[in-house]
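In what follows, structures are represented as C-alpha cells.
Shared between the two complexes below is chain A, which has chain B as its partner in the first and chain C in the second.
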Partner chain A sequence: MALPEMKIVGLDNEAAQKEIRSRNMQSILTGRADYVNDRKMAGMLWATTKHATISHGTVKKVDASKALALPGVKAVFTYDDITAGTGAAAMFPQKTVLYWGAPVAVIVADDWYTAERAINLVNVEYDVLPAVVKTTDVVGDDGVAVENAPLSGRLADTNYANSMPAERGDVAAGLKASAYTKTYNLPWTTTHQHAPIEQYTAFAYWIEDDVYVYLSTQNIHGHRTIIRNRLQIPLNKIHCFNHYCGGGHGQRLNNEEAAMVAAISRKLGGVPVMWRCSKKHSMLLAGRQHDDKGIFTMGCDKDGKIVALDCEYWTTNYGATITPIISATFTIPNLKWVGHGTYLNQPDRCAWRCVNDPPTAVHLTMAMDDMAEHYNMNPYEFRKKNIMGEHDLDQDTGNPFCTKEVNECMETVVEKSGYLSKWHKPGTKTLSNGRLHGIGLHAHHDSHGRVNGNDRGAVVLMTPDGTILTENGGSKPHNAPTEMNIIVAEVLGAKVTDVNCGDYGNTDVTLNGGMHGGSSFTGSCGAAFYSAAMDLKKKLFTYAITREPFAAEGAKVEDLDSKDSVIFMTKKPDVKATFANIMATAQPMAGVGVGWHAQQNATATVNAGLQREKDGFPVGHKAEWGSAAASVTEVEVDPETGEVFITGHWNSVGCGRVIYKDGVLQQMGSGSELQYAQALYYGDIHDPATGAIIGTQYTESQLPTTLDIDPTTNYLYPVEGDDHSGPLGAHGIGEPCVGSYASILAAIYNAIGKWVDPDHGACNPDRVLKALGKA
Partner chain B sequence: MDNLVHVNAGSLDDAVAQLAKGGAEVCAGGTDLMSSLKGFISDNLPTTIVNIKQISGLSYIKEDGGMLKIGALTTLDEIANSSVVASKCAALAQAAAVVASPEIRNVGTIGGNICQRPRCIYYRNEYNDFNCARKGGKGGCYALTGLSRYHSIFGLVNGCMAVCPSDTAPVLVAAGAKIVTTKKTWEAADFFKIKGEKINSLDADEIVTEIQVPTGKKSCYKKFAFRKSFDFPLVSCAVVGDKVVLGGVYNSPYEVSGDTVKATSATAYNKYKEQIANTLIKRAKADVK
Partner chain C sequence: MSKEMFKISRREFLKDAGLVVGGATVGSAALLSACGNKDKKGETKYICPIDSKEFSSLKDLKDHYASAHEGQAIPAFKTLNVNGVDYNLVINDYWSLGWVLREQLGLYGTKIGCDMGQCGACTVLVDDKPVYSCLLFACEMEGKRIRTVEGLSDGITLSPLQQRFYDNNATQCGFCTAGFLMAATALIEKKSKPTNDEVRSALSGHLCMCQNFKKTLESVVGGV
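Moving on, here comes the complex of A and B:
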C-alpha cells in the first residue's frame, strides 16, 4: 500500500499533543486511573502466595491445617488442587521447585493481611535436590563448562543449551587474515527485576460459565488464550480487562496468574478473588533481566577495519540469540555467534525491555574501545571506520533496512556532547576537585520499531456527531493509544482532538491489536489502525457521496478528501461538509484493520515488506526492521570512594517519522534515565549460599529515586528518519536508549583506565574501588 | 501484619506499665516498627503496640547548662532544621538531615532512630525466611556464610555481624551524649552495646525520654551510601572535638584512635569499607566547624 502524501498532524500541532498528554497524565496523577489492585466487589476474597524456601526440589507435602485454623482463612490451594489433571505443566503453584521463592501454594482469606499472616502457618515438606545457584556453578569465568555440576532441573540433562548459532563468511579465515586479533573475556552484566512499580495482581469472578478477569498485564489477549488453554473453555466465555498498567517493560506478558485466579474463583463457586503480590513476591516472581557474559575474538586489518568477530556468549536468559547490535551495527564480513542459555536455580529471566541490547552493548563497547586503543584511535574514529551507513544492505540477507539511522545518531551525540574535544586516553585526566574525568561513547542498531503486525487488529468507530473512537487492546498509559489516535486522525483527515480513546484493555470489544509493547506498538498496531482508518474513510466517503452537497455534484469517492474533520472535493474545495453533517443521517460506522509485517520471514498476509520504494527496492520487497541509538556519557569518578557522578548524558534515537513528539521524548527520557539505574545502582542481590534473592526491598535493591538522577544532565535528540515499512513512516522507539548502559561504563573506563566488573550487578562504588585496586 | 492491640498511652508511666505486660513495643513515628510488622520479619514482633505520640512534653529542642536537650519524640526533620542544633552540635544536624528521605524524617523521631532494629539484609527479609542468630533462631549468621557486603569489618557480637544503622548514633557517641530513659541515664557508648534484636541495650519496658548532648565542640558528620537520595550509611564518620567515631562498620558505633583504621575481619565483600572509612575520617576532620 503506497502511503499518501504526508503532513503529520501531530507534528504541526503542539497544543493538541499537550492536551492529549495531559488527558493521560491527569488520571494518573489524580489517582483516578484504575489499576487492577483498585477493584472492589462485595464478598470478594483475597489471595496471596506461599513461596518456596529452597532453591531446587519437589514438594512432598503441604500441611495447611494451621493456616486453615486461622479465623478468616478460607482455603489453601496447591499444585494438586489447581494444575494436576489439567494437562498444564504448572498453573502457578509448583510441584517442582526450580528457584527460591517459587510459588508452592495460594492462600485465600477474607482479607489481605489474614492471607499474609497465614503464609508462615503453611508447612511445606520438600525432597531437596542439589541446586545450581551461581553462573560459576555451570560455567567457569574462562567459559569452560563445569564438570559434574548438579542439574538445575530446567532441562532434562543439561544446564545450558546452544541456542541459535549464527555465522556469516568464514571467521577462521578472517581472523587468520587479520593484521591484529585479540580475545576479550568479558564480564557478567547486571541482572535485576525491571518492572517493580506495580505489583502483580489478578482478579477474577464468574457469572454462570463466563469468567471475568482483571490483570496487570501488557497482553490481555495473550492471557485470554492462556486461560482458554488451561481451563478448556471457549474464548468468548473469557473476558479479560486491564485499564492501567504500572510499567510493563516486556515482562508482563504471558504469566500463569490469571489462569490460576480464574481456576480458584471457579473452585470457590465463582466468588471474586483478588490475588495480589506482596513487594517481596513481586520481586521474586516477576521476570528479570538476564545477566550475560561473552568471550569475543576480534580481528582487524591494518587500518582498523573489522575483518572477523567470533563471539561465544552465555546468558541466563533462555534464548541466547544474536542481536542486531552485533550483526547489523557495524560492517563485519565474517561473524560467528554461539550463544548458550545457562540454566540456573534462580527466578526466571526474561527479555530485558524486549531486547538483549544492554549487555551486548556493553560487551561490544569493551572490545571496540580496546581495539581503538591498539590502533591509536579514539573510540569514535574506530567506530566511524566500521559503522554501517544509511543505505547499506543487511549483511546476511541482502535486504534493505526499513530505516537505518545509527550513523546519524552517533554523529549527533558526538557533536552535541563535544566528545572529540573532551576525549582523552583512559585514566589520564584528573580534575581540580580531585576527581577523574571520563567520557564514553556507544552506538547500536537494534530490533526495536519492528512492524510484526500481521497478528494485530484495530477497530475505529465513527460516532453520530462525527467524532471518532479508537478501540485499543492495550492498557491505557504508555501513550500508545495517543499515537494510534494521531495515526487515525492523519489518515482520516480528522482533527486530532476529535479522535478519542474508546474502550481499551478489554478483550470483548478490541481485537488483538493492543499488546502495548512499547517497542513495536507504533509499527505493528499503528499499521492496524492505519488500515482501520483507511477502511473507515472509504465507508465514510462512500456514504458521503450519497448526501448533499456531494450528491448534487455527482461526486465519486476518489473525488473527495478530508482535513480537520471536513470532507471536501479536491477539485472544488468549497463543496464541503463536516464529518458531523454527514454522520447526522448515517448508520454507525466502523473501520476494521489488521497490521502488516515488514520482515522477510514473516507469515504475513497483508502488505508485507516495504510500503514505499527504497533505494530502488520496490514496494512489497522484503525488508529488515530496525531502530538505532547512540549515547555519550561524561562522568567524574571519586578515586577515594569509587563514586561515579554523571555530569552529562547525551542520547539520540532513530525514531522514524515522529508522530507524537511528547511521547518520543518521554520514551527516550525514561529509557535513558533508567540506564543510570542499570549502570550505577540497581541489581539483584543474591545470597551466594542458596541463590535466594535477598534484595527484595527497594531499600536494599538500590532502585534509585528521582533524587538520584539529575534530569538536567540528560539531553535527548530524536533523530527523525523515515521507516519505509511503518505507518506514516513511523516506528516504535521503545527503549533503544537502554544501550547507554554501555556509554556509562565506557565513561568510567575512560576516567579510571580500567573496566569495572559489574559482577552481575551495577557499577557500585565498591566495584569501582575494586577496579582501582583499593578494595 | 498481625492482628494487633493498639494502646494510646496516657503517660510515660502508663506506657511503661503496658510494656511490662510483655509482647508490647513503643510506637513513635512508626516508620521502622510498621515496616517490620508488615514484613513479618521476625517471630519476636510485638502483638501490642503502645503509641506514645500523644504524650505531651516529649518533643523539644533546648539548650540548658551547656547541654543540648532533645525530647525523644522530636522528629529528625526538626533536628535537621534547628538552628540551635546546627550551632551547638553541627554534626547532629548534619546526621539528622541525611537520615532516610524527607517523608521519613518528617515522621521518624530521634528516639526511634536510636532504638531501631538492624538493617541486615537477611534479618529484614520478609516472612522471616532467614531466622538468624540475632532473632534467636537456629540459622546462625547467614551473612557470615553468605553476603557480608553491608556488614561489620570489626568482628561479630553475639554471633551477629550486622552494623549499627543509625546515622545519629556515631554523633551521639562522639559527642559523649547521655540518653535519658524511664529507668536511668546512659552514656551513649554503653547505650549502643547490643543486647537483643535492637541496636541498643534497653530493657523491653524502658523508654527513652531525652537525649543530652554536650555543646561547644566543633564537629562534622560524613555519610557514605551507594544511593544518595535515601539510604542507610554503609560507612559514616562523626568527628566531635577530638573524638572520631565510625558508623556502619560494627555492631555499635566504632571509636577510632589515630587517623586511620584497619579492618580486623574484612571479607572479600566488605573490604571496601576500610578504604571508605579512612577517606571519611580524613574528610570529616578537614570539614569540622
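Moving on, here comes the complex of A and C:
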C-alpha cells in the first residue's frame, strides 16, 4: 500500500528540512528560551524543600523556630499547613514518610540561598517504623515471598500489588508438548534516577481569585486539573504556562509541585513564589526506571520454534504489566504472564523510556540467546525462526497492527553491522589488544508510538497576512512543533515557512495537548493538527469562493486546491490567489481539531481522512499500536579491568512515515545513547541498612559524559513504513531504542561467555569482573 | 539558511521571552540584554539593587533613588564586565556568578542545573576559559572578562557555532545547550579545527539528560 503523497518535505530533502525547522530552536541557541526559573517578579520569594532522613515512619513534630529566626526566611510549611494528596508523585510535605528523601517541609525565603541554608535549621522528629529497603526483604531470588516481611506502608496490608495474569493458549500443554524446555531465573535489571538537568520547579502567584502558575511539565492541562482538585477552585481560575521544559521526560507528568506552590502562594497572600528543589532533592524526587526480575520457562519444538513461554515477573514500586516485547514480537502460541508489583520503602519508580520494555528486552534476550545455543544456532537464526512478520495479526486479539516493521529492522541492522560474519560462540574471541570481542542482537515490537491518556486538541490560526500559527497545550521545544507545522503545511497546501508556532503551553488559549512525550505526540497531536488544518482549509476555501477571482468563475469549494500558499482551481490552474490575497479582506480564521484518545478508538469517526485500509481490514476496524526497533552492538571487554568499550552500535527503528527527518535521527541517536548509559553507567546506590540513597549527585549516579560515549560509533537506520492510522502515515518513535540496552548486554555475554548480573545497577567494571569470576 | 529567518520582531521577542504575562510585567529592563548584546560593548550600566532597573549613568540611578527609594543610601558597587558591558551593581558576598548573571543582570540564557559543579549547564567564559558559574563567587569576578550565551550573537544573526548547532539540529530540550555552546566556543577559539577526541574531552564536563551527544559533537568537530 502506498503512503499518502506528501508534496512538501521528503526524507532526503535536507535543505528543506533545515528551512522548515521551528524558530523555537533559535530561541534555545541564543538563550532566549524561557524555562520556569527564568521568571522574575517584584516581591518574588524563593522556596525549597526539606526531605526526610528516614525510610519509613511518621512525622511527629517539626520545629522551624531556628529556621524562622534566620534573616530572610519568611515561612516554613509542613503537612499541617498545606495538606494535600499523597501518592506516587507527591510533592507536598508528607505526614507519613514512605522513603528516604520524601518531602517533609517547605521553606520560603527572600532568595534561594537563604532558603537552602534554612533547610538544616528545620528540626524534624519522627516515629520510625520498620522499613523494607531492598527487594530481598520482600522476595527471594527464587521468586518466593519472604515470610513475615515488614510492611512498607505503601499498600494496606501487603507489599505486593497489581498481579496481572494474562494467558493465551494452554501454556502447560505447550510446555509438555515441547521438545526442549528450560527455566531461566533472570536477574534484577537496572534502576537509576531520572535526574533531569532542570530541577523540579514551579512558580505561582495570585491575582484575586485567579492563580497563575508556571511549571516544567509534559502535561500542563493535566496539572491544571491537579490544581483544581487539590485547591478546590474552578478550572477557569487556573492559568498554567509552560513554554520550555527541561529534559527528563517521562517523569514530568502529573506531579504536584504546581499545586503545592500555588497553595503556598495563596497562604502568603498571593505573592509570587518560585519553588525549586535543590539538585540533591530533585534527584530524590525524580522517578526511577523500575528494576525488574523474571523467571521464564520457555519451550520449543525440535526445530527451535517457540511453543510456550511461562513468565513470572516482579517490578519494584511499579505495577507489573505484560509488554508487547513479550507478547507481540515473536510468534508464541501459548503464553502466560503473572506480574507482581513489589513495593518497598524506596523512592518511586516511573515508566520513563517505556513501561516494562527495557527490563523485558533484557530478559527475553537472555533466554532466547541461551535457547539459540541449545539449538546450535546464532541468536539471529533463532529469532528469525520466531519473529512476527509485517502482516501478522495480533496473537491475542486477531486485529491487524497499525504498523509492524520489526523483521525489517532486524534485517537492516544485521546486514549493516555485518553481524553474521562477526558473531562467534560466546567467550571465544580475543583480540590482538588482549580484549574480548563480542557482538549482540536485539529486536522488538514495543508498546510505543501509540496514544494514551487524554484527548488531544490543536488550533491552527490563519492571520490576515496569510501566514499560519499553530497552537497546542504541549511544551515548546522544537522537534515536535516542527513536525506539527509540516503536517499543517501539507494539509493546508501552505509554504512550510509560512507556518509558525503560536502559543504552546498556555492553558488559557490552547486545547489540551495531552502528555507531550516522544511516543505519543506524533500520533495524537499530529492527528489533532491534521484535523485542525482540514477544518481551516474548509473555512478558507468557503471564504475564497466568495472572493475574486473565484467568485467570477462561480467556483465551488470542491473546485479548489492549494499549494505553496496559493489557492487555485484544479481545472483552471491560472485562476489563483495567494492566501494573503484572500485573507486581506477576512477576519483571522481558526481551525480546531481533536486527536484520538486511545488506541482502540482509532476509528474512522474520529479520524476521518486519517485512517486507511490495512491488510483487507476496513477503515474503522480496530488496530493494534506499537513500534519496532532492532539493534546490534559490538563491544570490546578488557578482561583485566572489566571495562566495556562499545566499538559499534547499529540501530534501526520503524518510524512509520518520516515527516521530520532531523528530528527522527535525533530521537534515535539520543535514545540509543541513553541505553548505553542504562546498560553501562547509571547507578542508584542505596544504603542497605537504612534505605538512604547515597547516589543523589550526578557524579555518584554515574551519568555518562562525552568521554564515556563516542557517538561516532552510533549508526542510525530509520525504516520508513506506513502507519495506517497515523497522520500522513507517521507515528511516535520516542522509545523504541530501549532495546539497545539488551543488545549491549548480549554483546558483553558474547565477549565473556557469561551474563553480567546488573543487580539493580549497570554493567559496570565491578559487575563484569564478578561475572568473569575475578571480583 | 537565509538570515531573514533570524530577524526577530520585538513582538516575537516579547512572545518568546514571555515578558508579559497575565497583565503583569515580568522581568527587569536588564532582561532585554538577553536579546543579544554584542552591539552594547563598551557601555556602562548601573543596576538598582532594590528593583533591578537598569540605568546608563550613576546620575540616572541617583535620580531613580531620589524618586523611587527616597531616603535610602546607594550602596557600594562592584563592576562586572559581561559581554563587553560594564555592569555596576551590588553583589552580596555569598552570591554565585550564575545567580548574579541571572537574577541581577537578567541573563537567563545561563542555566542553573545542579548548582554544585557537576552538570555544566551554567558554563560561561571567564577570560576565555569555560567555568561553572555556580561555583564562582560573583564578588571575585571584578576585572575579568565574562561571556555568556547572550554574547555569542547580536540577537539577529547566529554565530557560526550556533549556526552549526542549528544546521545539525543539535538541541533537544535545550536546557544544557548554553553550557555546551560556551565550552565549544572556548575550544574553537583555542583550536580552530578540533578532532573528535578533542571535542569529546572539551565537552566532557557537561551532562545532557536527553543524551544528545551525537548531534552536539557533530556540530563542533572540525570547527566552523
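Note that in this section the second predicted complex is superposed on the first by the 724 of 775 C-alpha atoms of A that agree within 3 Å, B and C clash if a C-alpha of one lies under 4 Å from a C-alpha of the other, contacts with A are read in each partner's own complex, and residues count from 1 in each chain.
The criterion applied here is as follows: a residue touches a chain if its C-beta (ideal position, glycine included) is under 8 Å from a C-beta of that chain, and two chains touch if they have at least 3 such contacts.
As the structure is a computational prediction, the values presented were derived from the model and not from experiment.
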Determine, for the superposed arrangement built on chain A, whether chain B and chain C clash or fit. fit
Could you look at A:Leu769 and tell me whether it touches chain B, chain C, both or neither (first, second, both, neither)? first
Max touched-residue count on chain A (chain B vs chain C) belongs to chain C
Looking at A:Thr53 after the superposition, I want to know if it touches chain B, chain C, both of them or none. Which is it: first, second, both, neither? first
Figure out whether A:Asn317 sits in contact with chain B (first) or chain C (second), or with both, or with neither. neither
Please indicate which partner A:Asp687 is in contact with in the superposed arrangement: first for chain B, second for chain C, both, or neither. first
Please work out whether A:Glu640 is in contact with chain B alone, chain C alone, both, or neither, and reply first, second, both or neither. first
When the two structures are overlaid on chain A, which partner does A:Lys279 contact: first (chain B), second (chain C), both, or neither? both
Figure out whether A:Gln697 sits in contact with chain B (first) or chain C (second), or with both, or with neither. both
Of the partners chain B and chain C, which touch A:Tyr35 in the superposed model: first, second, both, neither? second
Look at A:Thr705 in the shared chain and tell me whether it touches chain B only, chain C only, both, or neither; answer first, second, both or neither. both
Rounded to the nearest 10 degrees, the Cα-centre angle chain B-chain A-chain C in the superposed arrangement comes to 50
State the minimum pairwise Cα distance, in Å, between chain B and chain C in the overlaid complexes. 5
Chain B and chain C contact sites that coincide on chain A, given as residue numbers: 113, 278-280, 697, 699, 704-707
The answer for chain C against chain A in the complex is residues 1, 5-6, 12-13, 15-18, 21-24, 26-28, 31, 34-36, 51-52, 94-95, 99, 102-103, 106-116, 118-119, 121, 148-150, 152-153, 155, 158, 162, 165-167, 169, 171-178, 181, 196, 199-201, 203-218
Under the stated contact criterion, what part of chain A meets chain B in this complex? 51, 53, 113, 116-117, 119-120, 278-280, 640-642, 681, 685-690, 692, 694-697, 699-700, 702, 704-708, 764-766, 769-770, 774-775
Give every residue of chain A touching chain C within the complex, in rising order. 18-19, 21, 23, 25-35, 37-42, 111-113, 194-199, 205, 207, 210, 212, 239, 241, 243-249, 278-280, 477-479, 497, 503, 662-663, 665-666, 669-671, 673-674, 677, 697-699, 703-707, 709-712, 714
Of all residues in chain B, those that touch chain A in their complex: 1-3, 39-40, 101, 119, 121-122, 124-130, 142, 145-147, 149, 224, 226-232, 271-272, 274-276, 279
